[in-house]
Each structure stands twice: as structure tokens, then as C-alpha cells.
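Some structures are shown below for you to check.
Shared between the two complexes below is subunit A, which has subunit B as its partner in the first and subunit C in the second.
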Partner chain A sequence: MLRSILQRLIMLIPVLIGITLLGFLLLQVVPGDPVERAMGTRASAEEMAAMRHQWGLDQPIWQQYLLFLRDCVTGSFGTSLFHKLPVSTLVLERLPFTLGIVVYSTLLALVVALPFAILAALKRGGAIDLAIRQLFVFVIALPPFWLSFVLILWLSLSLGLFPTGGIGEGLLQNMHRLFLPSLVVGLSTAALIQQSLRATLIETMSADYVDTARAKGLSRVQVFTRHILRNSLISTISIVGVRIGWIIGSTVVVEKIFSVPGLGSLLIDAIVSRDFPVIRGLTVIFAMLVVVVNLLTDIAYSIADPRASLD
Partner chain B sequence: MIFLGKFCRNLSGLAGLAMLLALLLAVLLTPILSAHDPYQLDFAAALQPPSGTHWFGTDNFGRDIFTRVIAGAVFDLRLALICVFGPAAIGVVIGLVAGYFGGVVDSVLMRLTDIAWAFPFYVLVLAIVGVLGPSETNLYIAFFLVNWIGYARIVRGETLVAAQLEYVEAARVLRYGSPRILFRHIMPNTITPALVYSMSDVVLTVQAIAALSFFGLGVQPPAPEWGLLIVESIDYMREAPWMTLFPGLALAWVGIGFSLVGEGLSSALKPEG
Partner chain C sequence: MPLLSVRNLVTEFHGRQGVARAVDDVSFDIEPGEIFGIVGESGCGKSATCRSIIKLFGGARARIAGGSIEMDGVGNLVERPEAKMHEVRGSKISFIFQDPLTALNPTMRVGRQIAEVILRHGKVSRAEARERAVQMLRDVKVTSPERRMEAYPHELSGGLRQRVVIAMALALQPPLIIADEPTTALDVTVQDQILRLLLDRRAETDTAIIMVTHDLGVVAEVCDRVAVMYGGQIVETGTTDEVLHEAAHPYTRALLAALPSAAMRGRKLTPIEGMPPSLIAPPPGCRFAPRCAHAHDACRAARPPLAPRAGGAPGHRDACILDRVQ
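Coming up: the complex of A and B.
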């Protein structure tokens, strides 16, 4: 177990280096001089020359990459042009909100998907199964940012159930405030979980050990909760893991709409203010986040289901 | 032909196709039937609710929302289809080459896709457009750089399997050239999962194009792009909810249409059952 985790960690190194390389290339395509584009008339020629030097733009390209790589290894991921702070400092302030939405939306997705998946699996092939399937097709088709506005108009402005955005203090207040953004992100995850959970439930129901459990006299409810549901949920972990990039990506859109000061808002603000080092550092951090969460779900899956190996 | 018959027996697929054809029909007929121009300002008729003359109401400039939504269909679908099937073609070729030749080519190409795959879709598209600056051309560049990845992965996997099969072996024995084997023999047999995937890809891409407009990073006003229509409606959401409602429903309509066609395709392409 430990050995294979270690192996995976070593295999991660070239991927991480590749991510920094791709992130570095991102800034090389900036048309014209990035410092001039970022600062415009806000800085004098001397200031810009100083920034160019500080940023290493007066050095050959491979040295520029090494500078960026050094920033990544030492954990600063570059320095913001406007905040004058390391990108990592800006990220750490905002990370809890983004991770909060990721976790919260996944839990909401599970709550929404579970009853529908069970119902669809029990009534497979019937009208209810078909109706549930179509319902989720409909849910996926709703554009997230449009859905956000409709929910704000309906639940926040008309009914006053939720605030229109922002964050609160403490877990309970934030669970209330982050409910709508998490719901929007969670609905598309719910569709995915429902589909895969329905399929695994049906498969598991006909497994031999389920017959054994029935034969030893367990009630139908016991067989379902202890054996069928438990084993099917484990495979759901890996489905969520595969989709984690998508989930993290969708937080960008809802964070801006619901004014949540997370990584997504930071990215949009950096794009609007042309804070190129932040765009680059943040893009790299997003990708690393995906890679790490992927690895964690793989490990969790192999612990939950010993048949799955990490290799 | 068997495939066509199977697709026609699938209700979801037919319903989706009907939805998309209905939209196409509306696009073709609107310029003939409607007296309104999607760009025509008419301040006397601003913020009118849906009525007989303005089916979807009017916006804050008095522009007819129905004709704007229909004009948006041309705009959004053209963008989305180019941004999906252009990169898809590139991805398919990369997947075929990687899967067929294997070895160093495969390793290099697949490591590249592994790395690109780690970047969340929205983050990468936003970052590329953000760095290049907002414009329609840069929108194309961003999607071409991002959207090929899924196809390369899918087609490579299929090609790995197909390259071992007898018909490919037979083609090699006949001394057909690699391009001929790849494109005339392997591709037709490996492309179907990519085709199914492309349907959900269209849905995601059309939503992403609209989302980019929301951030001011995509298509620029006064284009009748659906995302822009929604953005422009936000300030009037309370007094004129129809401004927000209809462009969103149009996006959902296209989304449901392509999703259903995708379902129809995947069940028609499944080997029996």
C-alpha cells in the first residue's frame, strides 16, 4: 500500500513539471510586451524596466522558465503585479471558500442523486426510470450561470430565503450563504452520480454475494443498505474523482456571480486587471489541485475497495 | 443503414433531433415571417412584455427579443460547432497516430494529453482568452487549444484495441500504406465513441461560450450572442424577467436537443441490446 502510494508520488513529478511548463508557455503567447500590456499608462518607463528585470523578462527564455520553476518549487508561484504579494499568499486566503464549495456541492450532489439512483435502479426499464433519466438530461442542459441568476431572482430576491451572495462567518452561516452556488455546481455532478450509481446498483443487485446475504436470512432492507448500497457507493468515489477537474472549474463561474472570494474570483479579477503572474500561477495551482485530488481519490478508492490496485 | 434504423427506434434521439430541426426551421423562417430586425433600436417600445407583436417581449433598447434569440442561435451554434468539431478532428488524428504507432510517439503524445487534462476546462479557456485578450478569434484559439484533448484520449484507446484486430492485420498484409489503414480502416471503426462524446461536448462548449460573454471575455456587444443577452438582462431582471428567461431557455433547448441526440447515438451504436 505505502509502496504503491510512494510510486504514484514519484510518477507525479514529471506531470507536475509538465504543468509548470504549460503554465509558463501560457504567458509566452501574450501579444507584445506583457509588462506594457499589464501596466499601460499606470507606470513610467523606468518602473516598467524595473518590473521587467524583477520578472526576469530581460533574460533568455530558458532562464525565465527556471525562474518560474524556482517560484513554484519554493511555493510562491510568482508575485502579483498589483497586490505585490506572492501568488501563494493570495491563494491561501481564498482556498477555503473554493474547497468549501467543492466539498459542499459534492455532498449536495450525493443527497440529490442517491434517492433518484435507488428509485431508478429498483424500477429499471420502467416509466419512472425513464422519467428520472430525462429529468437529469434537462438538469445538465441548464447553463450554470443562467441557473444562478434564476435562483437568485426566485429564492433570494422574491422569497428572501438566501442572500444574493457573499460569505458569512462560521460554518453554519457559510452553509447557508454558500448553498445556492454549491447547488448550481452540484446539480451537474448529481446527474453524473445518478447515472453511474444506477448502473452499479443494478449490476450489484445480481452479484453472488447478494444472493448469499439473502440466503442467510437478512431482510431485504438490510441486504440493500449493508451490501448493495455500500458497495455501489464505493465506485461512486472514483467517478467523482475523475470529474474533480470539472467541478473545480465550475466553481469559477459561480464564485463570480455569488461574490464568493475564492480562487475563481481571484482568476477573473487577475484576468480583468491583466495581472499575468497571478493568471499563470493560479492556472498552475488549479491543475496541481486536480492532480492531487485525483491521487487522493485513487488512494481512498483503493483503501475502500481492496480489489482495486493503484498500479 | 442498420444504424439509422436503430437510431429511429430510439425515442430520445428522435426527440432531440426534432428539437434541433425545429430550431433550424425557426432560424430559416424568422427573417421571412418576422417584421423585426434583431439590431433595430426602438426606445418607444422598450421593456415590453411578451405579446402578439413581440413574442418574447422587448429589451431595454426596445429590440425584439425573439428575433435576437433566433439570430443568437446562428451565432452560438456556428461558434460552438466550429469550436467542437475543429479541435475534435485534430484530437482524432492525434489519437489515431498515438494508438497505431505506439512507442515513443505514443508516450510523448499521451504525456502531453495527461498534462493538458489536469487543467480544469473553464480555467484553461479563461486563462487563454484572458492572456490573449477578449475577441472572437481568441475564443477560437482557446477552444482549439483545449477541446482536442478528450478526443485524443478516447480515439487512442479505441485504436489500441483496433490495431490488434484481424482486419487491420489483413490490410497490413495487403501492404496498404499507414495513412490508408489509419483513415479508411481504423478510423471508421473507432470514431463512434468520439461522436457520442462530441454531443455532450457541444452542450458544454455552447455553455462555456455564453459564460465567457458573461465575464466580458467572449463575443462583444451588440452581437446577439445568448450569453450576452443574459448579461444585458441582469439589471432589468425584476421588471423584465423575460429578457433573462428566453435566452436561457434557448441555451437549455440546444443543450437538451444535443444531449438527447447523444443518448440516441450511444444506444444505436451499442452492439445489440
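Coming up: the complex of A and C.
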């Protein structure tokens, strides 16, 4: 087990190099000049050249890439042009909020999806099943930014149940404050999990070993929890694993809307100001998050399903 | 008094094309300690008959539409509510499924799967249940049972898995075991070991066994009595000797003629022409008539009842009109 995890980690190295290369090259083709952004259009050509030199933007591209690679290896991921701080420092300040939303929204998705999946599977083909399906199709169709505004208008402004944004102190306060952004991110994943888990449950219900379990005289609840639900949840692990990449991506917009000082807000501000080191540093860090989560998913899967192995 | 008495059992499966009567007016008795074989080709209703007894139909939409299944000391299983079926399953009747590859939960250690049935029905601690599970594995001749307890099903061979399934079925010493083609999915050498295991068990504890099979060789080897099913109905029943050596019904005779044997060496096997009847819209008379070489108009008009043959043993009955008129 440990050996295969180590192997997988080593196999990640070329993936990470590829990500740095892509993240770097993309910024070369993107229009917009950080120097122009910083100094405005009235600066003289000399002043701009001096700035460009100070930021290292006058060096050849391959040299800039190697410098970036060095910064990635040392862990600083470069220095922000505007904050004058290492990207890693900026990221560490904000990472807890983004990770918080990712974990929170995943948990919310499971909490919402599980009972509806079970109910729909038990009542398959009936009116309840159909109603649940329609409800979740509707949920998937809602754009997150629109849903955010509706929830803010309704739950925050009209009912005053939640703040319109921002963060608080401590876990409990943040669980309250981050509820709406996490819900917005988690709902479509909930719909996805509900649909796939319902299908897996129905399939598992007619498995031979479920008949064996019932033939043993186990109660309905025992058969369902020990044999049907447990085995069906294994497939949910891989769905969540694949979906977390999407969740990490969608925190970007939601953080901005709910004024959460996470990586997403940082990224959007960096894009607006063309803060190249921050943008590519975040690109690499987001990609690493996804890659690490995928590895964790595979590990979790191999623990949950004895037939699966990491090799 | 018989251990199990099935009377006029009708079981229907609801599918896209309509309602199929997989079991149509089937009656038989099982005596304590007897091995009763049910034979027939695929889709003849033998599995459906067995599944009706414990009322488990997998994912299929099936219901028992008529008849009764009386079990000695338990009552009529047909009328027993589902909520009370679990008292019967596992402890009074256990079931051995055809395919040991799929009959075990792939994500649960086999030891726990055996212990589960012991824990469910007896008032025992987890440790005692485990101890008895190890003993069960030893009883079904699994080598190093302690180690196998920790194995997952995919780590075991087909034969070992079927032994695990049998250990679960025997765990509570039920008076009746239903074995639905227990050896079909196994190698020939393993088949024999598994059958021997069931026979030994019967000798030790007087357990009755319903043995579903399409293999007449298995019937000849282990069964005391046998019923031949065709199109959801029993067409012939009697002791194994009577049915195999004095086969009366044309279908039974055709089955035997299609079977390779040492005595038949050098002679051509005779396949049964045609297809089994549709169970959704079966032919009105004898269901075998469309494929029967001896059929005439009377056969197609009305279904012949299961009755003793003229001049035969009283227990040897068949459902052929030709045996009535002579």
C-alpha cells in the first residue's frame, strides 16, 4: 500500500511539470501587460522599461520559465508584483477558506443527496421518485451565480438568516457564514450524486448477494445498510473524487460573490491586475489540489473496495 | 406428515411483454431428510418454484398468485407477511444460490458473512458467532479455516466460495435446504466434492434438500425422488429409479435420449426439436405437444392432469394423455 502510494506520487512529477509549463505559457499568450496596468497609460517609456526590468519581464521567456520553476520547487511560487509578498504567503492566508468551502460543500452535497437517493431508490418508478428527479434536474440547471443572488436576496436580506458574505471567527461562526456559498457550490454535486447513487442502489438491490443476505433472514434494514447501501456508496467515492476538481473551480466565482477572502478572490484580483506570478502560482496550486484529491480518492476507493488495488 | 407441502402453486412474473406464469399449478411434498430433485431445461420454472418457497425473487417483479406452501411447524408460507419471513429464512429454510461468484458480498470478509446468519438467529456473542463460523468452515472441509475467515470472496476459488455459501446455509441446521443448481458453475471435480458434502450432511442431520438441476447425472447420483418440470408445470414425478428407468412422459424420455451415457456409446444423441413454450401465452393443451412426436388433437385440446400410470407404482405420476387411454 505505502509503496504504491509512493509510486503514484513519483508518477505525479511529470504531471506537475506539465502543469507549470501550461500555466506559464498560457500567460504569455494572454493579452494585457502588468506594467501598463500598474503605471497607467501616462507613464513614460523609460519608466515602464525600468519597471519591466525590475519585475524580470525583460528576460527571455525560457529564463523566466526556469525562474518560475525554481520558485515552484522552493515553494514560494514567485513574488506577487503588487503585494510584494511570496505567492505562498498569500495562498496560505487564504487557503483555509477555500478548503473550507470545498470540504463543506462536499459534505452538504452528501447530506442532501443521500436521503433523496435512498428514498428515490426505495420508491423507484413512483411519483416520489419522479418528483425528486425533477427537483434535482431543476437544481442542476440553475447557474451558481444566479442561485447565489437569489439566496442572498431571500435568506440573507429578506429573512436575515445568513450574512450576505464575509467570514467570521472560529469554526462555528464560519460554518454559519460559509453555509450559503458552500450550498451554492454543493447543490449541483448533490444532484449528480443523487442520480448516480439512486441508479447504483437499484442495481445493487437485485444483486445475487442481496438475495443471499435476505435468505439468511436478515431484516430489511440490515440488508439495506450492510449489503446494499455500503456497496453502493463505493461508487459515490469516485464520483466525489472526480467532482472535487469542478468544486474547486467553482469556488472562484462564489468566493467573489460572497466576499470570501479565499484563493478564488485572490485569483480574480490577480487576473484583473495581471499579477502574473500570482496567476500562474495559483494555477499550479489549484492543479496540485485536484491531483492530490484524485490520489486521495483512489486510496479511499482501494480501502472501501477490497477488489480494487492501487497498482 | 411431510416437512413441506406445496399445493397448486402459481407464481407470476410481471415483465414488459406481459405476465408470465413461471410456475403454473405445481404440487409436491418433501419428506424430512429426503433429497428431492427438480429437473428441466432453462426457463421451465424450477428456480421460480424454489424462490417462491422463500419468497425471494431477486430484482424481478414476481408474486405468488395462488396455492399454498405448508411447512411443518411453521404454517402457510404464502400467507406469511414479509415482515415475518426472516424468522423462516436461514433458520428453517436456507438457500444455496447457483453462482458462488455473485452470491457472496464482494466487500465483506467471508467470516463475517457466515457469522451474520448465526448472530441473526441465535442469542450469541460476536466471539461465539465467530467461533461457530470457523467450525462451520471446518465442517465443510475448508483447509485452514481461521485464515479463510479473513478472506474476501474474490480471494477464494469457485469451489471454496461455494463451500462458504454452503457453510452459511448449514449454520443453523435448518430442516430444509434449497440448492438452486449448486454445482452448475463449478468444475466437474469440484462438483462431486460439493455434492458429497451435501449428502454427508443429510446423513448426519437428516436435513431435507431440494436439489434444482438440469443435470440428470446429478439426479441419478443424489436424489431420492425427482420431479421433471416443463413450461412451468410438473410433467412427471416419482422415485429417481422410476423416473430415470421407466420414464413415462415423452418429455422425460426426450431428455434422457439427449443425454450422453456409456451405454449409448456409438449411438447418435437425439436433440429435442423446437423451443420451450412461451409462459406469457402458453399453448392451451399439453405444453409439450408442439414438440412431441406422439402428439395428436386431444393433446392440444386440454391439459392432461398429473396422475399415476396405469399399472405403475402409485407414486410414479405423469401428465401425458397417452398414458391414460391405454
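Following the convention adopted for this analysis, the second predicted complex is superposed on the first by the 282 of 311 C-alpha atoms of A that agree within 3 Å, B and C clash if a C-alpha of one lies under 4 Å from a C-alpha of the other, contacts with A are read in each partner's own complex, and residues count from 1 in each chain.
Note that a residue touches a chain if its C-beta (ideal position, glycine included) is under 8 Å from a C-beta of that chain, and two chains touch if they have at least 3 such contacts.
What you see is a predicted model; the values in this text were computed from it and never measured.
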{"item": "Partner chain(s) touched by A:208 [first = subunit B, second = subunit C, both, neither]", "value": "second"}
{"item": "Partner chain(s) touched by A:68 [first = subunit B, second = subunit C, both, neither]", "value": "neither"}
{"item": "Touched partner set for A:153, first subunit B, second subunit C, both or neither", "value": "first"}
{"item": "First (subunit B), second (subunit C), both or neither touched by A:216", "value": "second"}
{"item": "Partner with the higher number of touched subunit A residues, subunit C or subunit B", "value": "B"}
{"item": "Touching partner for A:234 - first (subunit B), second (subunit C), both, neither", "value": "second"}
{"item": "Which superposed partner A:55 touches (first subunit B, second subunit C, both, neither)", "value": "neither"}
{"item": "Subunit B versus subunit C as contact partner of A:258, first or second or both or neither", "value": "neither"}
{"item": "List of subunit A residues in touch with subunit B within their complex", "value": "14-15, 18-19, 21-22, 26-27, 29-31, 134, 137-138, 140-147, 149-150, 153, 157, 245-246, 248-250, 252-253, 256, 267-268, 270-272, 276, 279-280, 282-283, 286-288, 290-291"}
{"item": "Subunit C-facing residues of subunit A, complex", "value": "205-209, 211-219, 222, 226-227, 230-231, 234, 304-307"}
{"item": "Contacting residues of subunit B [partner subunit A, same complex]", "value": "12, 111-112, 114-124, 126-133, 203, 207, 210-211, 214-217, 227, 230, 234, 237-238, 241, 244-245, 247-248, 251-256, 259-260, 263"}
{"item": "Interface residues, subunit C side, partner subunit A - complex", "value": "54, 56, 58-60, 86-91, 94-95, 97, 99, 102-108, 116-117, 120-121, 152, 154, 165, 168"}
